[in-house]
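Scroll down for the structure; my scribbles are underneath it.
Which chain is which? They are A, B, C and D, in the order written, and residues in each are numbered from 1.
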Amino acid sequence: MFYDTDCGGVVHNIAYLRLIEKARTLLAGQMGMRLADMAATGLYPVVVRTEIDYRRPARLGDTICIRGRLESLERVRFWMGFELTRHAGAGEGVPAGDPVRFVNCRQQLALVQMPEGRPARLPGEWSKRYAAVVAGR
Amino acid sequence: MFYDTDCGGVVHNIAYLRLIEKARTLLAGQMGMRLADMAATGLYPVVVRTEIDYRRPARLGDTICIRGRLESLERVRFWMGFELTRHAGAGEGVPAGDPVRFVNCRQQLALVQMPEGRPARLPGEWSKRYAAVVAGR
Amino acid sequence: MFYDTDCGGVVHNIAYLRLIEKARTLLAGQMGMRLADMAATGLYPVVVRTEIDYRRPARLGDTICIRGRLESLERVRFWMGFELTRHAGAGEGVPAGDPVRFVNCRQQLALVQMPEGRPARLPGEWSKRYAAVVAGR
Amino acid sequence: MFYDTDCGGVVHNIAYLRLIEKARTLLAGQMGMRLADMAATGLYPVVVRTEIDYRRPARLGDTICIRGRLESLERVRFWMGFELTRHAGAGEGVPAGDPVRFVNCRQQLALVQMPEGRPARLPGEWSKRYAAVVAGR
């Protein structure tokens, strides 16, 4: 979207973090944590650390694909990884390019009970499911 | 998304304008104006005036539906209207509510040739298509 | 700032609403409503309607000045007006321009007690102070 | 500002990156790179990597102070470091707290000539000035 770009003609570096939050939220929904539940219980995933590498820019009209996965689990924290690829927008006479990996991001998160801000233990079922996935690799 | 809400516990008034821009851009795509083409030609739709009424708030996890339409056409400007309805998020045991009309927005836009900033005439086919739609009502 | 601009090379239309919110908040502070108090009491000013006209664009490096004022007061709602002027950025060899009025905005607000979302009566002292100001014109 | 917070009642993790960009831009201005010049020449500092640690939250009305510095210089890239401290907002009867270091951020940047996206060598005077500063420590 226009509001994601800046006057350098490319997607602004901060805009990717909104896209990543959206991917993270959809992934959380698949893991059983829905936004409506979070709002009801006040138990929120909170970003503790972000590392993001910008290798190449994306431009207005590019299609961006985000793949996110749970990378590791501790007692109260967990790491997620995100890989962004883009397809150049297919304008008139401009052939759509091959997908390009252009942004990598890792985020460490914790579950926090708001409004107190108290860290909460990760649900036991997460580590069970996660162990099952790792064993199955 | 979290980044759309504020500490009042509701969606921030500015966030709706991002949602509306997204709806507007999808609608423009259906009318034959794609973002990739705009980036290539530098011919952009520019918001000249926004009027937006906030009747009730939306909250984290609500599903928001936006209906947009072309309201009128002049030589270099046009009006679009947007109506936002929301369904309360369906948490565990919380029945999802009926859709509620809660935000109305009108925007006047112009086509502008960047970087000069020169207003451009609207494509003739727009008024033909638009006349056909109005006649068919 | 870069994050305020878009790939059209100008300040994005939504960015002005962040600048206006900042001006409004500073003005509210001068009227005795500070952010820290709002967070403590949950009594927030909420935007009910925004009207904004974009006459000309601003660009990266322009200096933007915002003048805000209380325009009228009702029992539970009030109108504020904002006028934005800009000075072109003074780059090398580029003479800084005269100030240009380029954006006008009016916002209707209400005081709302969160999290219930109940409208609250405006403080009596506001209308006293406001009457004094109007009488003094 | 309200638009910097989320419904968890705290400042949203992405909002800090806008604050840091503002600090970075002011710092660049002191180093002789002004936004208006960048817009004129198309030579922009571009974020290549961001690392940010969120230790504790800030809330509406807190005063946030950002200290930024140039950490190291290579031929085409450089690292900057930012340290955020906050003072709790001083509401009625609420004593303003001691400053707390609560967010750390490091960013690697490159100078890029837009719109081509070609990396540019850092100005020679930067490394001279930087060497002088390091020698003087």
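Here, contacts are C-beta pairs under 8 Å (C-beta built on N, C-alpha and C of every residue); 3 or more make two chains touch, one makes a residue touch a chain.
Computed from a prediction, not measured in an experiment: that's the story for all the values here.
Visitor: Considering only mean CA positions as chain centres, point out the chain farthest from chain D.
Guide: Chain B.
Visitor: Between chain pairs B-D and B-C, which one is joined by a greater number of C-beta pairs in contact?
Guide: It is B-C, judged by the count of C-beta pairs in contact.
Visitor: Quick check: how many Å separate the C-alpha centres of chain B and chain C?
Guide: Distance between chain centres: 23 Å.
Visitor: In angstrom, rounded to a whole number, how far apart do the mean CA points of chain B and chain D lie?
Guide: So the centroids are 33 Å from each other.
Visitor: Listing for chain C: what residues touch at least two other chains?
Guide: In chain C, 2-3, 7-10, 14, 18, 21, 39, 44, 59-60 touch at least two other chains.
Visitor: Can you tell me which positions in chain C touch chain B when the two form their complex?
Guide: Contacts found on chain C: 7-10, 13-14, 17-18, 21, 39, 42, 44, 46-54, 56-57, 112, 114-115, 117.
Visitor: Would you mind writing out the residues of chain C in touch with chain A in their complex?
Guide: For this pair, the touching residues of chain C are 2-3, 5-10, 12, 14, 59-60.
Visitor: Touching chain C in the complex: which residues of chain D?
Guide: 1-3, 9, 18, 21-22, 25, 34-40, 44, 59-62, 88-92, 94
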